[in-house]
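Across the two complexes that follow, chain A remains constant while its partner is chain B and subsequently chain C.
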Partner chain A sequence: MWPVAAITFLEGIRSRVLYGIFIFACSVILLSFVFAHFFMQDIGKVAVDFNLAALSLAGLLMSLSISVDLIGKDLDKKTIYFVLSKPISRNAYILGKYSGILLISLMAYLIIALLTCFALMLLQSFHADYFKNFAWLPYMQAVFLDYIKISLFNALILFFGSFSTSSFLNMMFSLCIYIAGQSYSDVIRFLSVQHHGEQISPVVHYVIQTSKYIVPNFELFDMKILAAHGRLMAFSDLIPIMGYGFAYIALLVGLSMIIFRKKEFL
Partner chain B sequence: MKRILPLGICLGLMGMILFFYPLSFATKEKYLREEGLQPTVLPSEITGIAALDFKGLAADFQLLQAIFFIGQKIDRSEMITVEDWQRFIRMIHAVIDLDPYFFDPYYFAGALLAWGPGMYEDAIGILKRALDHRPDDAFILFRIGFVYYYFLNDFENGARYIATAAQKPNAPDFYAPLAARLSYYAGDTNFSLLLLKSMLKDTRSPEIRKYYEKRILALEGMQILENAVRRFQEERQDSPKNLEELVDAGFLDSIPEDPYGGHFYLMPTGRIYTTSKLVEIKEHSQTVLEN
Partner chain C sequence: MMNTPEKLLQLDGLCKSIRTKTLRAKNIPVLQDISFDVQMGDIVGIIGVNGAGKSTLLKTIMGFLAPSSGNIELASGVRIGYLPENPYYYDYLTLKELLWFAARASGMSSAAFQETFPEIVRRVGLSGKKSGRLRTFSKGMTQRAGLAAAIIHNPDLVILDEPMSGLDPIGRKLFFDLILDLKIMGKTILFCSHILTDVERLCDHVLVMHQGRIQEHIHKTDLEMTGHLQVLLEPSQQASDWLASLPPAMHVLPEKNGFHCLLSDLDRILKEFTQKHIRIESMEAPKQSLEDLFWQITRSAETGGV
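What follows is the complex of A and B.
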């Protein structure tokens, strides 16, 4: 498993897209310096919004480009025959791929998080009076939960990659599920409010209610608003969220291994 | 020569871009203004879903849109209609729905609606929404108390909110004595000046600072006049008939100017007021025209 993980990691960091994503993240971080000046009092909140958005967007872009590519590459270029001819089991191959991707995301998250910390420290020194609600612990908590979210998203990409025949399809499926997973709680809230007597179709209700048991709820890992206001989530409240994330990751990686084991390469 | 030519062409094209950009931007702005196009206010149910996990960032941009929408009109001295203010209120509510802990929408709208169009109930409504999410925010409670006291002459509610603000952690020390003196000094110019100066200290927004500074200037003029009336009464055991009498008797060098464009006058009660009613003369006539 580890040789596959190491090769995946090395392949990932050699990708030029990664540098593009870093430049993008740095641009968003720099934008926080400009936009913070447009606000009157809650400058700390706006700075945290921008920096966490830079981190989260970079994670998403990385998954949608590098992870999708790394998973699909072996099948597209037929190098899978070469890999599987070595004494590596199919399960070890899937686990190795996922571990390699997790390592790349971890490295990227650590670097971008460090940059955002530096930017926030600078902004805090310029506007100390307007950073009263800011606290590092909630900020780090939001970064950590975002990393779990991106690990779950990568597990989803791995799952689709295990049976999808094209990288583009994998990307589209994963993106659709991500959008659904981020927004269905809002849709449920929206539907629960009566809208001027308009009746919502029972089919729509049924589909949305069912989707919450099938589609992973990515919104649970979003602590950006709380972090922006310096609000720390109790550790006891973190446990169920982390448990949900790890269980979903394990399920998706397990399913990927089962599907990949049964896959026939022609 | 082979190297200089492409470089020259590039520099020339960059020059063209720099020349045409401001012109085309101004043209586009002109057309947008002529068409009367207003920023769209999407309900928070839609923006909340569309923003995915970037709701905080969406709230920041929506607030910026609201600030620019009303700020541009103020800067250009354009007429701000009741519909414009209603649109502004809808934008602020959408921002609060996206991020109810965000301080700036409460702060900006609460001050601007009270000082600008005099929509005191709307200002209080927005400020009170903050109490659900920022219950320990002494500043918000103080602002609610201020609007009640200063604009609505509701001294009881004014004192109640400022007294509640004084009990909150991190409340400035002067809130408690202020609340205690509020009912006693109801309508007192010196007291209003004290309140306004304390609020100016905490204000960073240039638009809102302008409102405060102008009002402080007007109240300082009224304070000078009231002090002169008091000295006149003490020395002559009589009240002056008008403000000119104070100048003639040497209690004043001249009558201060009202920064709102009106004229100060002496009321039968001995208090000073102004023909502008402390509203910009142009704005005042516009409001009358609209009504």
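What follows is the complex of A and C.
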């Protein structure tokens, strides 16, 4: 499994797309200096929110550009024959690929998080009065949970990649689920309020309720508001969220392994 | 588990069908009742026209495709090296990284890899390209890098899928010599190729495939001597009369004023010639080429004969 993880990691760090994403993330972090000044009273909160958003967006773009191709490219270019001709089980291949992408995103998150910390420290030194509520621990907690979110998103991409041979379809499926997972609690809240006495169709209600159990709730991992207010999430709240994330990842990686085990490479 | 320790690979009644991806899906048989075995030290070649099922057979042996029925048995502990057809490797890797992956994935330690690496790149003639990215390699170099990746862990059985396809004559010669080296080292090799002269020179056994079946299993000795002599006679009335009196089973060659006969019949025929004053112009034991045999077999399979 580790040789697969190692070459997946090498693929990631040698990808030009990754450098593009880094430049993009740096630009957004720099922009946070400008935008934060538009909200002088809330400069601390806006800066934290902006930097965490930049980190999250960079993680998302990285997953969509690198992870979607991980298995698809091996199948498309037939590199899979070379890899699986070695005494590597298909399960080890899936685990290796996933571990590799986790390592790439961990490295990227550490670098971008370090850059955001640097940006926040600079802003804090210039506007100490507006950073009274700011605390590093909640910020780091938000970064950590965002990393779990992106790991879950990568597991979703891996799952679609295990049966879809098209990278484009994989990207579309994953992105749709991500958008649904980011916003369905808003949809449920909206639908639960009756508008002018109109009833929601039972079919819509059923679809929404079912999707609640199928679509991973990405919104759970969004700690931007808490971090912006310098509030640390209680350990008793943090553990179930982490457990939810890890359980979903285990389920998706497990399903990917089962599907991939039965796959034929003609 | 197989009983004979020398038998590395055994296929028994292997069949494979592929389901079409159309609205009215149906199963197309691509391999039918394939049975053969590969003994330790054998060089077995698989030949056949395009679409005969050669690559599918190798992919099924490698486990990339699941057999629809039948058995594939590998002797326990056999290490396999595989070179796919038109291989594509991670082109962002250097040759050293590719071979590191191949070695580590095959269970070699880092120390063993460091020891083997210089020797293996020397053998495939890529010593000067150790740190070169694979994306800068020509097709021939990629093919040799692929062979190095296939054999770095010293496999017992080497499976090569069209190893010389698309190579220029120099590349082909280099690759041919590499396979010959493996043969000299006593490796067991199973490979498919379109280049019949190479197969003929390298292989101990040749399997001729046609429409997913093994039509013929040819042993090297079958190619060396067919058991028939071609005898041409000096033109004379006696010779013409004698040829005209021969039964059709004797394979008369009227346009050449000669005939084919079995070696065992030669003594009797020579005595007869002495009595009838028939003079022999030439006599030879023609070697039947693999190409001739291949044509005969495929033509016979297409016309429904055996």
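Everything that follows uses one rule, which is that the second predicted complex is superposed on the first by the 266 of 266 C-alpha atoms of A that agree within 3 Å, B and C clash if a C-alpha of one lies under 4 Å from a C-alpha of the other, contacts with A are read in each partner's own complex, and residues count from 1 in each chain.
In this text, a contact is a pair of C-beta atoms (placed from the backbone, for glycine too) under 8 Å apart; a residue touches a chain by one contact, two chains touch by 3 or more.
Everything quoted here is computed from the prediction, not taken from an experiment.
Superposition note: with chain A as the common reference, chain B and chain C can be accommodated side by side. In the superposed model, A:Phe260 makes contact with neither chain B nor chain C. Of the two partner chains placed by superposition, only chain B is touched by A:Ser183; chain C is not. Of the two partner chains, chain B is the only one that A:Lys45 touches; chain C does not reach it.
When the two complexes are overlaid on their common chain A, residue A:Phe134 makes contact with neither chain B nor chain C. Shared-chain residue A:Phe218: touches chain B; no touch with chain C. Looking at the superposed arrangement, the partner reaching more residues of chain A, out of chain B and chain C, is B.
When the two complexes are overlaid on their common chain A, residue A:Tyr147 makes contact with neither chain B nor chain C. Of the two partner chains placed around the shared chain by superposition, chain B is the only one that A:Ala228 touches, whereas chain C remains out of contact.
When the two structures are aligned on the shared chain, A:Pro87 is found in touch with chain C, with no touch to chain B. Contacts of A:Thr79 after superposition on the shared chain: chain C is touched, whereas chain B is not. No C-alpha atom of chain B lies closer than 32 Å to one of chain C in the superposed arrangement.
Interface of chain A with chain B (complex): residues 35, 38-42, 45-46, 48-50, 52-53, 56-57, 130, 149, 179, 182-183, 186-187, 190, 193, 218-219, 221-222, 224-225, 228-229, 231. Touching chain A in their complex are the following residues of chain C: 18, 56, 59, 62-66, 79-82, 84, 86-90, 92-93, 97, 100-102, 104-107, 146, 149-150. Residues 2-4, 6-7, 10-11, 14-15, 77-88, 264-266 of chain A touch chain C in their complex.
The touching residues of chain B, when paired with chain A in their complex, are 45, 48-50, 52-57, 59-60, 63-64, 67, 99, 101-104, 107-108, 203-205, 208.
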